[in-house]
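Next, two complexes with chain A in common: one pairs it with chain B, the other with chain C.
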Partner chain A sequence: MAELPNTTMANECKVKLKSKDDKIFEVEYAVAMQSQTLKNALAHTGCTDTALPLHDISSQILAKVIEYCEYHVNAANTISEKDVKTWDEELVKHMDQDTLFRLIVAAKYLEIHNLVDLMCKTIADRIKDKSVEELREIFHVQNDFTPEEEEQVRRETKWAHGE
Partner chain B sequence: MGDDLNEALLTMSDLPENCLSRVLELTTPKDVCRVSVLCRALKFAGNSNCVWEKMLPPHHRDLLARACNPLQFNSKKELYFSLCEPVSIDKGTKKFWLDKATGKACFMLSPRDLAITWGGDDRYWHWISRDGSSFEDIAELIAVCWFEVQGVFDCKLLSPGIAYTVSFKLKLNGPASNHRRRLGTMIHAFHMNHRSPYGWDIKPVKFSVTTSWGHQQQSARFLRNTENPVDNEGYQMTSFRHVGKGWMEFDAGEFFVEENEDGPKEVKFYMNELIGGDWKGGLLLEGVKIQPSYLVTERHNVREE
Partner chain C sequence: MDESPKKELAVRRNTSSHLHRKEETPSWHLGAPVDIFFRSSPCRIVVVNAQELDHPIIYVNLIFEQVTGYRADEVLGRNCRFLQYQGSFAKTRYPLVDIRILTEICRCLSEGFDFEGERLNFRKGGSPLMNRLYIKPICNDEGIITHFLGVQSFKEANFDLSPLRGLVWKKSSGAIHTHILGDMYSQKSLFVHRDCSFKKCCPLYKVSDEVLVVNILARLTPKDVTSLGSVCHRFYNLTKDESLWKLVCQNIWGQETFSILESVARRRRLWWGKIVRELTTLEAAAWRKLTVGGSVEPSCINFSVCAVGSKVVLFGGEGVNMQPVNDTFVLDLNEDCPEWTHINVNSAPPGRWGHTLSGLSDSRLVVFGGCGRNGLLNDAFVLDLDEPQPTWREVSCSTRPLPRSWHSSCILDGTKLIVSGGCTDSGALLSDTFLLDLTMEKPVWKEINVSWRPPSRLGHTLSVLGNHKILMYGGLATSGPLRLRSSDVYIMDLSEEETRWKYVTGSMLPGGVSTCNSAPPPRLDHAAVSLPGGRVVVFGGSIAGSRLETKVYILDPMEEKPTWRILYVQGRQPKYASGHSTCLVGGTRVVVLGGHHTEDWMLTELHELCLINLKGTD
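Now for the complex of A and B:
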């Protein structure tokens, strides 16, 4: 039966994660603990040499998640809140839409709450004050309304469309 | 196992539902409505109660409990849009509504909600009824030396995190019109003699706003010949706007409502002319408006009609 690693073990434990495309990533225990999902998984397995498979997360996205978690673990007591916020903003500033969405899905699956919050806020900021046409283009949304349905929803939200 | 390169791009509607809700909650009512036009899934997400609950002011349940007429609604979204039209509360002494684009709370207080010195004495003030006014009764100043109107408001009812402006909505009497005057519980139709405004050129009226957390603003303005300087009295000039049909809104002051603060928070506002000792009259007071400051700065001056 597996046991929770004690502090010494925790400091030495390296967690292995395997992405969807079979790349192995090794992270410090403290970094993995940023994810509630991994925390629960490791509570069962203890410190193990077997890589935890993350079936739906690509290596590109997993690398970003790890980058975020590593920074936040190191920043925890050493870097000012303001500087952490600036770092977060830099991380997402030029992220394309697809990466943003994949990252939020990964963060949700891994239950990394402050990363989910950051992603939600970033997407919300990109939505604000955009016209319908701009939104459609930025977020690649296909229109699946019938002409009647579209006319109705446009009519109901007419006030929101004027400038 | 798919190859990354061949995967279709994710769209907003691919997000897990509670993520999408979270995202929309962080935008504004206007944005949510625009997103709803994109596709069926987003229209559905944009109608959710979680999203619209977040758009309503934190104390909307208290306000609904104080409404004169109960509101009917089948969803939070419906409730939101119902509240974009003014709702009478507190036995008709106040009105409240939401700014549609942002959901921020706005209030108008009737003169009945204010403390008007000598207001109960009909030698000095009348209570009249006028078509098109916000309230059943508005106050008409016949004549006073001691011109003093004050009020107080519980800031807990306001939307936190923004600045608010308090304005007195008033008008100097125009040509005679058919007022209906309230005498006790009866309303009589009178053809009033032309009661020209007078006495407003001598001293400026002073305005102030004071909050229970120690913020204070003071200013002054002549109600007639409004460009006459007041700085020889040591005051800033009160901002004001024409809002149509001769009405003007004078901004008594501005204050910021902090988020997450406990303890009682109230704002007091004050309009007076006490030092001149001159008689003044011929003024109508429709009430006090308390609205987000961004709405005030967006307004253009409306030419008098």
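Now for the complex of A and C:
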């Protein structure tokens, strides 16, 4: 995989990203490198003025992804791990479910593993110790079991609830 | 169908073509590379409208339908990118589809160049195709690109489709340790669901099942997984995935327990969902009798055993004329007909009884202390069963704990030997705790200094909970001028800066009486077994009044108010079980050897407490 010829170029290269709704975002090369997908794409095309199209990511979500990547690139050697963790926690603290899921899809597509990890961990924490009804609320999901199926599921899963 | 492509292509063809009839493969003369494609193998042809948003497909040929499994009416009007999605339920591009190729395609399309390259595609059913693709822009008379012609020849793709192979999670507390195997993420679970439980515009719909299972569900406890499975059909189907339960097991019980269980699961073809359930509820716990071949001769009592992988290893004991012996015997329970084998070892340690034998995480074991021919011992020897010629090697240390017998021991982290208490030459009881780190080149005994120690004792048990906690239970303990059987439970967390023994439960409650009816009577020389999740199971031993104790007890120290419970176990329990002659094999079977009330000195009739149902599926 070819890297950019020299670091000066890497420092000067700005990567353009185009969201689903045709908004262009410009990021530093180092920030784009947080994404394995973009890394692969850029290794092939080199520093280009053409915006890389991200068909499935809205500008709102892309902005959040960039915010995360920019912070983590800058924090890399300067901010303590503990403070980075606090920042991450603040980022997701009041995030609604929909945004979380959209971010997961975007981060997975862009292969930003830390971000996928963070989002998924947040969702897992929100799932913890919730009742079935509460989970349906959280995920905006309808109950599509028939009463008989529901009873069967309840019997099958009794064991995990200490019954 | 609009006129311009027909007109343009009509100029280029050299034989008649019927573009509007899908059934025939047109033979165009479009230039050398494409000609080669046509001649070498059946080609798929796709034509897209370049002037419409997202380049919808307007034509596909019969070969396309046959090869990809998609019918024309299913794909007309769509962009070709669905070919990069594995299976018709996938919502995102398959990770291994090379984005560089896609970028290049985008570039060529936007600049009007031909594109040639290889790309990973998928049939409708999900099987992979390596697609040699040639894309040519088609222009109208004004030179404006109106269509793109895609000519594709294919070959079967033979490579591993598990996208997460090689993805190693960072280790952190509570993190998942995943090395996902090739067949992990099968298509089965995708096809079973009824996707009517939530709207297609809901973002959750776009999150792939793979992400849900591996990144989210695998982090949850069984309770939360099953709660989520009760929400709707989609989640229910995900919780039926075997691989999910494998990951849950790794996550909740740690890598070491998982590795031990994995070898059992593989050998006996057990379902992971069942393993997690049965090890959580212990509903399938049962006593079984096990008859083995060979014999332990000369027969002895007061030997010690430990488990090393699937093997039970026996060392030492008190033989005829009460003389200590130093033979090593091995019983491999993985064999179809297990039998005792005497190991001819180099340089056996001095014979002893009342010692401890403990298995380390690889194929090694360590013996410590005990009563030898000339008094009590405090030496430690290590044996590696995997060596071609197994040799006992003394662990040479400058300072050692006091010589002792009937102490207890356990192995922390698979590598550190911990010993505690016991009886000295003078008959005094000890209450100290020592640690020997066997990973060091020159291991050194370190006393664990605590501000307060539980009363000194012998015949108690030490069990390991997780990675850094030990639990001490029972024994014959000093109580003023007396020595009484104890029912006390203490825990020490070795990761704490100031290590100390914490009292958990026992007789030290107000009034000296346990308020719990199912508390085990005080005992010594019993068996204690650590279960995944930090629970402890206790049975056997000597209780006051020489009653025969047949119940099995379980304690979860993680509870807010840890309470003993009686564990109902099917089958007939052995009449007697002692700590030194009991060991946990494969994380799932507690093997009990010999005993004071048995006539079986040859050790051919064993009892085992199977924690889960080991009859697998075929």
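Annotations
As a working rule, the second predicted complex is superposed on the first by the 153 of 163 C-alpha atoms of A that agree within 3 Å, B and C clash if a C-alpha of one lies under 4 Å from a C-alpha of the other, contacts with A are read in each partner's own complex, and residues count from 1 in each chain.
Everything that follows uses one rule, which is that a residue touches a chain if its C-beta (ideal position, glycine included) is under 8 Å from a C-beta of that chain, and two chains touch if they have at least 3 such contacts.
Since we're looking at a predicted model, the values are computed, not measured.
Once the complexes are laid over each other on chain A, chain B and chain C cannot both fit and instead clash. Contacts of A:A63 after superposition: neither chain B nor chain C is touched. In the superposition on chain A, contact of A:D21 is made with chain B only, not with chain C.
When the shared chain is aligned, no partner comes close enough to touch A:I79: not chain B, not chain C.
After overlaying the two complexes on the shared chain, residue contacts for A:C47 are found with neither chain B nor chain C. Once chain A of one complex is fitted onto chain A of the other, the partner contacts of A:C13 are absent, as it touches neither chain B nor chain C. By the touch criterion defined above, A:H140 lies against chain B and chain C together after alignment on the C-alpha atoms of chain A.
Shared-chain residue A:D98: touches chain B and chain C both.
In the superposed model, A:A160 lies in contact with both chain B and chain C. Within the superposed arrangement, the part of chain C that overlaps chain B, taken from 153-161, 387-395 or 405-413, is 405-413. Judged by the document's definition of touching, chain A residues 97-98, 101-102, 104-105, 108, 116, 120-121, 123-124, 127-132, 135-136, 139-145, 150, 153-154, 156-157, 159-161 lie at the interface with chain B and also at the interface with chain C.
Residues 37, 40-41, 43-45, 50, 52-53, 56, 97-99, 101-102, 104-105, 108-109, 111, 113, 116-117, 120-121, 123-124, 127-132, 135-136, 139-145, 150, 153-154, 156-157, 159-162 of chain A are the ones that touch chain C when the two sit in their complex. Interface residues of chain C facing chain A in the complex, by the touch rule stated above, are 91-93, 95, 98-100, 102-104, 106-107, 110, 167, 169-170, 194, 196-198, 202-204, 206-208, 211, 215-216, 219-233, 235-236, 277, 280-281, 283. Residue ranges of chain A in contact with chain B, taken from their complex: 20-21, 58, 60, 97-98, 101-102, 104-105, 108, 116, 119-121, 123-125, 127-132, 135-136, 139-145, 149-150, 153-154, 156-157, 159-161. Residue ranges of chain B in contact with chain A, taken from their complex: 1, 4, 9-16, 19, 22-24, 26-31, 33-40, 42-43, 100-101.
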